[in-house]
Amino acid sequence: MDAEYLRNLLNQVRDGGIAIDDALNVIKDLPFQDMGFAKVDNHRKLRNGYPEVIYCPGKTTFQIQSIVHELMKYDSNILASRADKSVYEAILQVAPNCTYHEAARMVVINRKIEITGIGTIAVVTAGTADIPVAEEAAVTCEVFGNKVDRIYDVGVAGIHRLFAQLDRLREANVLIVVAGMEGALVSVVGGLVDRPVVAVPTSVGYGSSFNGLSALLTMLNSCASGVGVVNIDNGFGAGYLASNINKERVAK
Amino acid sequence: MDAEYLRNLLNQVRDGGIAIDDALNVIKDLPFQDMGFAKVDNHRKLRNGYPEVIYCPGKTTFQIQSIVHELMKYDSNILASRADKSVYEAILQVAPNCTYHEAARMVVINRKIEITGIGTIAVVTAGTADIPVAEEAAVTCEVFGNKVDRIYDVGVAGIHRLFAQLDRLREANVLIVVAGMEGALVSVVGGLVDRPVVAVPTSVGYGSSFNGLSALLTMLNSCASGVGVVNIDNGFGAGYLASNINKERVAK
Amino acid sequence: MDAEYLRNLLNQVRDGGIAIDDALNVIKDLPFQDMGFAKVDNHRKLRNGYPEVIYCPGKTTFQIQSIVHELMKYDSNILASRADKSVYEAILQVAPNCTYHEAARMVVINRKIEITGIGTIAVVTAGTADIPVAEEAAVTCEVFGNKVDRIYDVGVAGIHRLFAQLDRLREANVLIVVAGMEGALVSVVGGLVDRPVVAVPTSVGYGSSFNGLSALLTMLNSCASGVGVVNIDNGFGAGYLASNINKERVAK
Amino acid sequence: MDAEYLRNLLNQVRDGGIAIDDALNVIKDLPFQDMGFAKVDNHRKLRNGYPEVIYCPGKTTFQIQSIVHELMKYDSNILASRADKSVYEAILQVAPNCTYHEAARMVVINRKIEITGIGTIAVVTAGTADIPVAEEAAVTCEVFGNKVDRIYDVGVAGIHRLFAQLDRLREANVLIVVAGMEGALVSVVGGLVDRPVVAVPTSVGYGSSFNGLSALLTMLNSCASGVGVVNIDNGFGAGYLASNINKERVAK
Amino acid sequence: MDAEYLRNLLNQVRDGGIAIDDALNVIKDLPFQDMGFAKVDNHRKLRNGYPEVIYCPGKTTFQIQSIVHELMKYDSNILASRADKSVYEAILQVAPNCTYHEAARMVVINRKIEITGIGTIAVVTAGTADIPVAEEAAVTCEVFGNKVDRIYDVGVAGIHRLFAQLDRLREANVLIVVAGMEGALVSVVGGLVDRPVVAVPTSVGYGSSFNGLSALLTMLNSCASGVGVVNIDNGFGAGYLASNINKERVAK
Amino acid sequence: MDAEYLRNLLNQVRDGGIAIDDALNVIKDLPFQDMGFAKVDNHRKLRNGYPEVIYCPGKTTFQIQSIVHELMKYDSNILASRADKSVYEAILQVAPNCTYHEAARMVVINRKIEITGIGTIAVVTAGTADIPVAEEAAVTCEVFGNKVDRIYDVGVAGIHRLFAQLDRLREANVLIVVAGMEGALVSVVGGLVDRPVVAVPTSVGYGSSFNGLSALLTMLNSCASGVGVVNIDNGFGAGYLASNINKERVAK
Amino acid sequence: MDAEYLRNLLNQVRDGGIAIDDALNVIKDLPFQDMGFAKVDNHRKLRNGYPEVIYCPGKTTFQIQSIVHELMKYDSNILASRADKSVYEAILQVAPNCTYHEAARMVVINRKIEITGIGTIAVVTAGTADIPVAEEAAVTCEVFGNKVDRIYDVGVAGIHRLFAQLDRLREANVLIVVAGMEGALVSVVGGLVDRPVVAVPTSVGYGSSFNGLSALLTMLNSCASGVGVVNIDNGFGAGYLASNINKERVAK
Amino acid sequence: MDAEYLRNLLNQVRDGGIAIDDALNVIKDLPFQDMGFAKVDNHRKLRNGYPEVIYCPGKTTFQIQSIVHELMKYDSNILASRADKSVYEAILQVAPNCTYHEAARMVVINRKIEITGIGTIAVVTAGTADIPVAEEAAVTCEVFGNKVDRIYDVGVAGIHRLFAQLDRLREANVLIVVAGMEGALVSVVGGLVDRPVVAVPTSVGYGSSFNGLSALLTMLNSCASGVGVVNIDNGFGAGYLASNINKERVAK
């Protein structure tokens, strides 16, 4: 539905290079493959150089296998997120050379890897329990072509641990800050750097953390500016946004 | 209803020093003065050396004046909280030597002041807009016999401003930390000192601060231990708790 | 508290170029000016080339005037946000050449303006009622040195209005999407571009919009990846984050 | 309690065709069968030509079997919803020719099927994980006598997938739109068609989707008019409402 | 963006009847008029025979006047909702023959009226305080070409008042039920009729009605099937949905 | 719709004492007077010996006056609740001998008063600010024929004030306990008496009292059994329920 | 702490009938038995003629057995609530003649039963799934000496089922109405009777029923007066309150 | 980052006692041990004489064992909280002389114990089910060097049980009050003592207790002053805060 693309198509229609009903069919059928239960978008990769992503929860094992199988026809890199061990084993049957990142709960099928991000993405956690979400973000960044610097367990209650990493924090082009409980780390980091900060609240905590609500509100209300927040435990979304920020922008 | 007190009364009953029905009346009538709309507790002062406190919202001007008038019979120090200017002017009519703390919205009628707290109470705010709540806490501490150190506008987004006050923070015997928005200051201060921290969330902020809910949840979930939280904007409660902590404990 | 800065100071200490207590004072006093009710951070501008920002709610007129007065000594550009007309008139007394952006409720004191952002920032709204928040974002972007493209009233209920702007959407280096009610515009825009999207929920709506909560949740749960969310009505925060993303990154 | 019915009964009373106490008994006992734990409404079918429906959660296996057994005496079509496999097997014992729709978690006992709906009902989902709720709606529509067109996995993040189905969307007489996460699909579809849209939020999502609350609020606040919302995951309710809309209205 | 429309355009392009860039411009510019702050959709009326609607809150008086002025060029009927008296007076300046429905807070500019709905729409309220929202729904239905039957103040606490209206309830082709407080009326009405029910929770109530949340939840959880819910106080949305349901469906 | 009443009517129908259509009309028209905006239930008084009640918010002055005027034809006692001074003055025009209870915000038109309750109803408040809600309850009880004992300002923070009233608490046949803030008074009173307790949370408080939610939850979760809770600030409802409990039960 | 009791004790003290320290010990030790983990209140039974109640969740099996064992020394009737089968079996070891009410999840140890309630208590449910909570209420009423009339599955969606029970509803002295989902039954029943109604919301439902919150809010906001609400699923509390209402009041 | 410490370091730098890069390394590396997944803060013990604490949830068994192993090198006392039996058994492998407090779910490795608290800490519960949280608080207090007085099952519904403990309550220097359900105990205890009260809401309860929210709100809104609240079920945090309050303050 790109204006460029539409102009070309109109040119062909005018020149008789394509029949009208064919043109209509092209518009309708080209950009995805209809599998009934899913419409696989196998051209997104071509568009932005990113791998195809499958969010696994709510899909049956058979559906996941079928989607992977379909995508592999197009030589795509593939990232399956929120995949527990049994999902990994199912994918293994249709993609034998896939690898499993257990902490991140991600299956990766990477044909070729190249670093295209313009700087380093720092992934920072407040505590040890935040690491699974951080790994989801970090693996995402890496699969999307970025160098990652992991800085874990530097919560503000022992703030000297954070300051000892000040150079690494300031070296990063984008920062992903992952924190549960009260999520205060985002405000402190946000005040120490002048690069974009992607904040990920986690469901780590109990009682009035209300499964991540406390950290989410903290991050949305951060007194430090320059912070963009994603959903609770959404390591993938944070990695995707950070990757987009870290991409070279070709001037138009 | 003190055990000591009851024992004495029983002694008198046994010794015939008091009639049984009189004893019953003493128990019922002594500890407060019934004014119909209010039961004024004029002996609390004797019990713990603290002033009488009137929380003004929801009381009519006449009710406030009557309570002040009643309390002044007993030579009490009096603190009227959440008092806007018109309340102050009404109290002035029955207590001409009262003073008004405008930022704190408090009227104070102090016959005699003496510092009895064993250390200094630091009152710390994240921003300038938190000052009214902080002043409510600070004035409370002062009226309850404590030395106060005000450290304002040291929020974590510019954390060097906080660290410049590290000595003052560590010198305090009790700290009251007042913050709205995301309230992260509590966790950082809590990690820097080893004295009790009383946390006061404020309704400063907008949108998803939800009138102080965000700061409240942050403080309840603080990764720094040693923090006790009071209600949103409850400067008085924080000052009262801090005063209690800062009181000399007579061994029993 | 920059490592670089600390190293230099230590060098001077070693070389006797500075006395130890002076060094301590430098560390404490240099980065801000203590005004009692506020600690003005007058060196931030030097650090990142950005103007000083004053968030006005909760500050008295006198406090705002004093802060402006202080900042003007350092030749800073200044941005006062959430400023109603009376605040503007108060600032006018201490900064006669300030200008007022009424829709954005912002006062700007700009000594020199230069475009430093590497691309255009598109500011997109779902409806006409979202424009004030959008203007807060747009003015922020401009004052922070960016070219802005305003695309207003393109909500998804008449999606052809949005598609007619597809070229402008795809030309932007960063997009700020501002929407109230159900906030669905973010997901649609997020699926059409491959640049970072900053999402701003607004309090536009009624009933179960719960003052912006509905739009906020929509944006956090967006099925489109690459979206960072800021607080409800936080046009400034969105502009600041977008500006940071749109800044040239000097390689270290 | 129908006025018509009451008039007839009164006529019989007047004409001596029925004794007064018998008339009272008719009013009380006729319209349902009291089974102690349930009052089975075996005449509803006659009233509106619809099957009897059993909502299974909270009922014991024995209760479900007994209700089915009772209803089968009246030659009703029967629909048991939210039935897991063990419930299906229990019903099989009393209704051997029942069929199980696994994805929809529904057991259907249909003696005769006829299409009575005046148009097609389109059932549309945002993602693959929304299919079980969509199937509950679709099976309901079919059992209630409607032709259904299933259009699955056309969420707005890849909006070209949706537009490719525009003809099918516009051909439908009623549309059921099923979406979790942020639920934005409803607003886009609502803006593309001019027929009634029944919106079903699902609990698909995580974190701040709060088990469907996010999608629910989105749909209630939709900027597209002409949308009626049902409870989270309530595929049956959506199917019932859509069937009622799709019914021929006999003029009175 | 209609497939039909696109096919025609493609035919013209092929036949040389229109230049390619013109065709692109047609697609972009035709369906709305860009006024900067608003994109006025002046062809929606043609599409579905409905008036143009202006939702007034958040729009300046000048913006509302400009939109009305623009729309009147196309001979549209116009409905301005949530319009207080001052908005009405402003519209009067550009549309002298407009009429004001005070209870409904709606301004109507109707060039020609015709009843096109296939049956009557009953608008039912639980109490007297729900009437303003009900009037918004009723006026909407009327302006959209429907006959309306108003049945007010028949809440379930005095259920005989409701039953006395049973004939009118059952005569309606669509029912709009408007209720605040606990909103129970919807479930009772839903169980008495077999036509679609549009439920409108209102903010009538206090305390734990939480501004309409209680009634909203009641309606979403109604044990009566066949109910579609709209936003709190959204009389317009209910009227629009009911009008769509009550429209003759031309078979395709 | 009373079975007794229906039997009589059927008898008359059989005996030819009443025509069928007349019988239908009787059923429909008798129990209320339709005023368009309100259906006035002028026979409720006859049924249970209680006055007619008008809940004023959301009704126009004219509507309130009309309802009062209508009710006065039937010699009813009338109670108008949530009536501010201007409503009182409006009622005065149609009911010159009405009286205004300012604290309770109630207008009472009482033709004859008689005490019919079988015991005393104690109305107890935690604080002075709870008195308006308590007065609404107390006046309701009195108008409904009960003797009331007001016990105000006996909150649990000074529990000796409560114990001094133990005899009065235990003398009551029903207790209404009115409390805001944390509402703990209900649990303590509930544990001290063995008569029914009606609990009324009030919106007295601030911050995390969330306008009465805190007190409401406290009362619903009370560890003392025998407590029934009404809506926040619902003094009338509490008075009505207490009156019903305090009524002589005629054995059937 | 009874005034009567205190007077007697004081009389004995005066008469030398009891030593002062003994009197103090009596006050402290008499009214309960301290078991360390529990303070068993073995005189409550004497006070109000009710059985002792043990709420089982959160207590270990050993603790429950010990409490039962202690209570049985005093010849009390005992009611253990929220007891699953394993708890029943544990109690069986120390109280061999106990009986288990499975639907109500209650263990009853009743030495002697006598009906003391002055009328019948009707227990009414909206659906079949509400029966377990209703049984908890009904068994409580019975153990506390009341006659119970169970009226189950009469929800408002098929309101003729409810009206068929009108006589039984109106015969009851107190009504307990148990309903989940939207809980509308309470308002309808409340409008049909003039006796006290105890409303019990249940967690029956899904999605936006939010585990009973929807029914709870409905009941608190009921437009029918005379309703007292207890906690979600709190059948015991409802039974206790209804029993208290149904008790003969001895005049003082 | 202590000012004292910094001054010494600067002295050494000036005197050439330490190289600049070494000084930088000291600042960075000294205060914790980086284990990748955790930064162990092995000097905190030295700073405040407290044991090291490991919060177990979210950490893998291997991580917990490694942290314990690391900490034991420094002769620290260690407290592992929220440790279920399997965690205990894992720690046993690396710390054979550790002990397990089952009710408190805590593992303690104590090399030397000494009572340093200046008074007794009373730990008070409302019910038996609150004991696990109370034990977490009590064990914490003991491990941190305090004498503890356990006063369990004294909830306000049987308030004589509480008053019997008045002497013990008033003897304590600090009180920890642990309560679920409605949490009213805090307000009553807070009114009876004049020492600091630490309030711990627990998740004990059901329905509208909302997993501890009810008790939390009660405690935050307590009408008794002098109360500091910690997170729901946060026994450790309460014990830590109480220990800090009970510590001798060395005057500076």
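Order as written gives the chain letters A, B, C, D, E, F, G and H; numbering starts at 1 within each chain.
Simple rule for what comes next: a contact is a pair of C-beta atoms (placed from the backbone, for glycine too) under 8 Å apart; a residue touches a chain by one contact, two chains touch by 3 or more.
This one's a predicted model, so the numbers in the text were calculated from it and none came from an experiment.
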| item | value |
| --- | --- |
| Chain-contact steps, minimal, separating chain F from chain A | 2 |
| Steps needed, at fewest, to go from chain D to chain H via touching chains | 2 |
| Averaged-CA centre spacing for the pair chain G and chain F, given as whole angstrom | 25 |
| Where chain C and chain F are represented by their mean Cα positions, the distance between them in whole Å | 54 |
| Chain A-chain E separation of Cα centroids, rounded to whole Å | 41 |
| Multi-chain contact residues (two or more partners), chain G | 1, 3, 127, 158-159, 163, 207-209, 213, 216, 220-221, 225, 231-232 |
| Touching pairs - complete list by chain label | A-B, A-C, A-D, A-E, A-H, B-C, B-F, B-G, B-H, C-D, C-E, C-H, D-E, D-F, D-G, E-F, E-G, F-G, F-H, G-H |
| Chain D - residues contacting chain E, complex | 1-3, 47-48, 50, 53, 118-119, 163, 166-167, 170-171, 173, 192, 194-196, 198, 216, 220-221, 225-232, 236-237, 240-241, 244-245, 249, 251-252 |
| Contacting residues of chain G [partner chain H, same complex] | 1, 27-29, 31-32, 36-39, 41, 44, 57-59, 63, 201, 203, 211-213, 216, 231-234 |
| Chain D partner contacts - residues on chain F that touch it in the complex | 3, 6-7, 10-11, 13-14, 16, 20, 23-24 |
| Of all residues in chain F, those that touch chain B in their complex | 127-131, 152-154, 158-161, 163-164, 204, 206-209 |
| Touching residues (chain side chain B, partner chain A) in the complex | 126-127, 155-159, 181-184, 186-188, 190-192, 205, 207-210, 213-215, 217-225 |
